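Order of writing sets the labels: A, B, C and D. Residues in every chain begin at 1.
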Amino acid sequence: MYPQDAGQGLKEIPFPQAEQVKIHGRTTRGLDFLPLLWNHSGIEVNCTGAELWVALEVDCGFHEPWVASELNGALMSRQMLLPGIREICLYRNMTPGVVKNVKFYRELQAMSEDDRCHVLVKGFFTDGEFLPVEDPPYKIEIIGDSISSGEGTYGATPDTDWLAMYMSSSRHYGRLLEKMLHADVRIISQGGWGVYCGWDNDVRHNIPSVYEATCGLATGDFNEKVLRTQEPNDFASWQPDAIIVNLGTNDASAFEQPPLEVPGVGVCKQRKNPDGSYVREDQEKVIRAAEDFLKMLRRHNPKSHIVWVYGMLGYNLTLTLSEAVTRYRQETGDANVAFINLPCTKWEEFGAHMHPGYAAHEVAAGVLSDYLHSVLGMDIHKFSGNL
Amino acid sequence: MYPQDAGQGLKEIPFPQAEQVKIHGRTTRGLDFLPLLWNHSGIEVNCTGAELWVALEVDCGFHEPWVASELNGALMSRQMLLPGIREICLYRNMTPGVVKNVKFYRELQAMSEDDRCHVLVKGFFTDGEFLPVEDPPYKIEIIGDSISSGEGTYGATPDTDWLAMYMSSSRHYGRLLEKMLHADVRIISQGGWGVYCGWDNDVRHNIPSVYEATCGLATGDFNEKVLRTQEPNDFASWQPDAIIVNLGTNDASAFEQPPLEVPGVGVCKQRKNPDGSYVREDQEKVIRAAEDFLKMLRRHNPKSHIVWVYGMLGYNLTLTLSEAVTRYRQETGDANVAFINLPCTKWEEFGAHMHPGYAAHEVAAGVLSDYLHSVLGMDIHKFSGNL
Amino acid sequence: MYPQDAGQGLKEIPFPQAEQVKIHGRTTRGLDFLPLLWNHSGIEVNCTGAELWVALEVDCGFHEPWVASELNGALMSRQMLLPGIREICLYRNMTPGVVKNVKFYRELQAMSEDDRCHVLVKGFFTDGEFLPVEDPPYKIEIIGDSISSGEGTYGATPDTDWLAMYMSSSRHYGRLLEKMLHADVRIISQGGWGVYCGWDNDVRHNIPSVYEATCGLATGDFNEKVLRTQEPNDFASWQPDAIIVNLGTNDASAFEQPPLEVPGVGVCKQRKNPDGSYVREDQEKVIRAAEDFLKMLRRHNPKSHIVWVYGMLGYNLTLTLSEAVTRYRQETGDANVAFINLPCTKWEEFGAHMHPGYAAHEVAAGVLSDYLHSVLGMDIHKFSGNL
Amino acid sequence: MYPQDAGQGLKEIPFPQAEQVKIHGRTTRGLDFLPLLWNHSGIEVNCTGAELWVALEVDCGFHEPWVASELNGALMSRQMLLPGIREICLYRNMTPGVVKNVKFYRELQAMSEDDRCHVLVKGFFTDGEFLPVEDPPYKIEIIGDSISSGEGTYGATPDTDWLAMYMSSSRHYGRLLEKMLHADVRIISQGGWGVYCGWDNDVRHNIPSVYEATCGLATGDFNEKVLRTQEPNDFASWQPDAIIVNLGTNDASAFEQPPLEVPGVGVCKQRKNPDGSYVREDQEKVIRAAEDFLKMLRRHNPKSHIVWVYGMLGYNLTLTLSEAVTRYRQETGDANVAFINLPCTKWEEFGAHMHPGYAAHEVAAGVLSDYLHSVLGMDIHKFSGNL
């Protein structure tokens, strides 16, 4: 459908014919549209046109997807999407013939237990051409929880509703790493989930269980049958130089929460000793889950440097997670795996919903870029101007 | 029109019945809709509903309006508007009964010589009520050029197209002053214009000529006949505590530009002497224009403190403008008028289109808040978290 | 000896009679002078006089001691001391009767294998009185290597000589913690030393071997016989709320250095596997040393929270040290011990001699104050003005 | 006199034979010692020795001189000097043969009405040689009051005594400009003085009256007869690229102070009108004094760019000073003179004695380096590491 307010002379480029479009994030290929399944999933184009639109089909229930767009690396727009066929103008009236680099991406994590939260890219409208988008020198995969879903990066400090609008990848340490290291970043994350269990002791809410499918979090008829989210992810097509596992915050929370009756599992509860330390048996569950997850990551990413990072919302599980990494290294002999803390969010760096704000993400990106520079030799580029 | 994707049970509140809505920015009253005429013009509500929409009628040609929304003081969304009847969801699925403070405002200056660039607020949809919005302790009026239109606050440093999307009030020293000083801020600005003439010597492009009407910049049939933009502004209804005049950058530019044939006026050219100084006769034109403007400002704002600020894009006209302020004070005996420099934008603080980026606006807000604190006793509030 | 340039009417207060003087740092009591044995060891007085001097006896060979003084919490002076009887004026011509808080402290670590590097406080000269110095709410002990000796906190980045003047406690994370947390800080540190061995594989250079004596590093006739540095430290007299162990950087270095023939021990060498990981047997040596050190610390400080911090010059030993802490906790059941990383020094934060500069110490103090706030409830005080 | 604690084999280099020593600051030549007359006056050497001492003769009464030393551009030491013949070790035990750049300078302004406050450099002791010190590309002269005497750059915010120790050039915008712009900086300043009168209306306390002599502030027998401070300054020997006049703060203060009986002059009082503005007649005195001073500066520095800067402690005299600059330009046709504000010190940037702290000097240096870059093309160099 020709966009209602578009300029004259735009031509439609259906997604399957948009060959020069670069796709960001895990997704299902071979459809005649592109599903943006994960936070920061999106498209990138080098467009010569004076005007560019993206055509979308959107679906949602309680949690509406948000999207953001960048022009030549700078954030331009961020908005809520509601259901329907929609065309969004990414820019207009720019100098024709000059190449504009445009990114358009989802600002919302994949929503588990929600078969009605979709952003499907159907195609583009432009009066210009798409030129190839060169790959930057590095690829980084981030695996995490609400911190890596960017929860709290938008929103006032006192705000405590649990809503899509407080999450983002536009004010996210992952996006900062893209700019600082000249890298492509993928984010696999889910708020409230852990490596062994969720914040409330729900053992079903562990990231490893969903890591191997294209988008294991996305269940239900449409997700599974149409978007084929449960098919094995094509790991060979995108091997990251570094994998940042930012998990553990919810596993730590479980020790503080009451027991939970999990259907089909029974009562779950991570226990503490009277002196406040973790009951060894329960701590072992986290350790084993983390070890197993590292094995899974290594299986699918044979050469990636893996660094487990932890601490942005408290250091409680530091020894547990480092023990898991140590044990994994000892059992497998794989020395390409590390553990480091990220600094805990200071009170003035908090954003909405008691989560790290943008300032805390800037700190994390500083530590991580320095780490990746020293371990993998990634150059750090200073940026000035608006981000 | 009930919004296509809205929740159940919303009721429409047409603008004329939305009595508790606070209006920001100069506008025309008595219409059955609210025209958002100036940058940062908008509405603010305290809403108890779980969901809130604003209903708009939008019109544009080359330059499309952009809008932004805040929730409890934090920026949530920024997007391009294209023509049509549109409902925009400002939030949804929040806790009913709890008061949410929402601001929705124009991110684009009034566009001169453009009768097709309108954002009209027609009403609201919500399942809650609007409660009164308390006035903060201070009112500040900002009068300026592209700097005060926020040009360059979005966009990459190399971007040089002259487009609406690079302007904002969301990353603007005016918005920062609102947060730092607990103030309401109005912005009267036009890119390329000066106090005497525009950047290219066009003497028609002076802010004083448009200051006294509601929106003197907005001409043409629709603007004048429907929106009544050329009617005298109702100054009595909103008397600022301080007026910040941030003009002169384009008057300085004119001395560097070639002569311009202005229809109905003749050839205009601000001249320099061989040693680089300004020809006194031409400098006098700026001084007289500035003096006259100060008289106009005082006429309409008898008690406001007026501070002329200058320097964010170079200090060249510092002596000229301070001479004007001095002469005004001497002629009128009015001592409630001052002049100060704002620091020039450093290279790493530049945003798009060779204009001050967000970092430069933060510097300006720091100097201005300190100034207004020391001269008018306005308290400075530190904010933490996302802005 | 009455100071040569002192004002009229000063009275001498020999050290043994200076009862209201607060002593900072481990030292030997019962002498008729006060030896400043460790970095940041010093005195603090609340003096009503218009003028105050400290009388010193100084001794040194290659490495001369440096000292610093603070007035009301702000650094005033930093200077080199050379041998002799010396009186140093700490302030003069101030308002008599008003209380001035003055700190005077050593800026140099205890120098091992050096029996000629002493700063002995013999007494004071003032025209006023000494009033009691109130204890701040917290006590913190820092145990470390060159980082905690403040090496590199003074000096230009390219400077690489190994000299006393590049070390300090005045630009040190310990001093920043004093100001941020209102705490007294002791520093037990030695450049080049580790928990198991020194940077060059010298197993004699481990901090645990010197921890239990008053100043185990200070050997030789004068140190041992006159200053009694090898007598057991009186732990009961000063029990810290928190012990920060910042060791490991040199233990990590040993794995990169060639074998070393250590007299009486044989060839020492911490080895790496072909894949770059540490040979388990050698890693175990570090782990056991760290475990044993934690036991020693707990023996002498039964209730102190102990946090091992690591990372300011690289993260290589993170897993080794966290394994040690884990093992200690499991073996002893003592849960009052933690491990966290400090952020690695970024290139622009480096000081002299490839060591963390003052900027890096500010980062470390930020992370540590936040940690101690969240774990022990220590309040964080913002300071403004000169430090 | 051979320094008491110096190493073996040092040779004495009396000042008159120290030909490669670079002299900073206005001084009297032809003596057999070097008087350090002004704040930041000092010496700079490139020394190949392992050890270096400076030999001094010091004199003082109430206000003792302070000095600082830098090694390779980084501050190493700051200390009080009291009367006597003194040798100060600037470094020792460094690698012989390697060139060390050392600066040693006075941290205290010239003290008016004080014939007993002298630092005389008598010579050096070293085991190496002095190599030539290359001139940096720029020369800058700073003329000012207590702000430019660095008052408050050391000391706690509540400290209010008026003492030498709170002044410095080591934490001074002038020193920062040296590092940022690669420049040599001279400082001509006196606390409490203005361009027309002092803070208390004393019209004798104006900088122009002392500018033309080598050190017009230094009167009395020793100053005048031995140091020949009242002889005409040799302007030809050091022509600055830029002159920064940072005067006016005390002239503004005079309007707020009570009348003063000045011996030989009568009652002096700068008056305000009932509305708080300045009485024109008194304002004219400041304007004429500033104009005359600009003429004097131009006479002695024909090609220097002159910029009057003002505002670090309030903007009250902005219009008065800019009027003076304007009038000077109009009368003389000299366009190489400018006026700009420096940002007012924010409360968290204050140092001791209600004066700008180091943080405020950093802000001023940022604005000034940017200004000098844009007007004179001086490159700005980022520094990292300790300063």
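Criterion: a contact is a pair of C-beta atoms (placed from the backbone, for glycine too) under 8 Å apart; a residue touches a chain by one contact, two chains touch by 3 or more.
As the structure is a computational prediction, the values presented were derived from the model and not from experiment.
**Student:** Compare the CA centroid of chain A with every other chain's and tell me the farthest one.
**Tutor:** D
**Student:** Counting in whole Å, what is the centre-to-centre distance of chain A and chain C, each centre being its mean C-alpha position?
**Tutor:** 43
**Student:** How many Å are there between the centre of chain B and the centre of chain C, using C-alpha atoms for each centre?
**Tutor:** Using C-alpha averages as centres, the distance is 55 Å.
**Student:** What whole-Å value do you get for the distance between chain A and chain B if each is reduced to the mean of its CA atoms?
**Tutor:** Computed value for the inter-centroid distance: 37 Å.
**Student:** Going through chain D residue by residue, note those that touch at least 2 other chains and give them in order.
**Tutor:** none
**Student:** Sort out which chains touch which and give me every pair.
**Tutor:** A-B, A-C, B-D, C-D
**Student:** In their shared complex, at which residues does chain D touch chain C?
**Tutor:** 4-5, 62-64, 71-80, 82-84, 89, 91-95, 152-159, 161, 163, 165, 171, 347-352, 357-358, 384-386
**Student:** Would you tell me which residues of chain A are touching chain C in their complex?
**Tutor:** Its residues touching chain C are 273, 275-277, 280, 311, 314-315, 318-319, 322-323, 325-326, 329-330, 333, 335, 338-341, 343-344, 346, 366-367, 370-371, 374.
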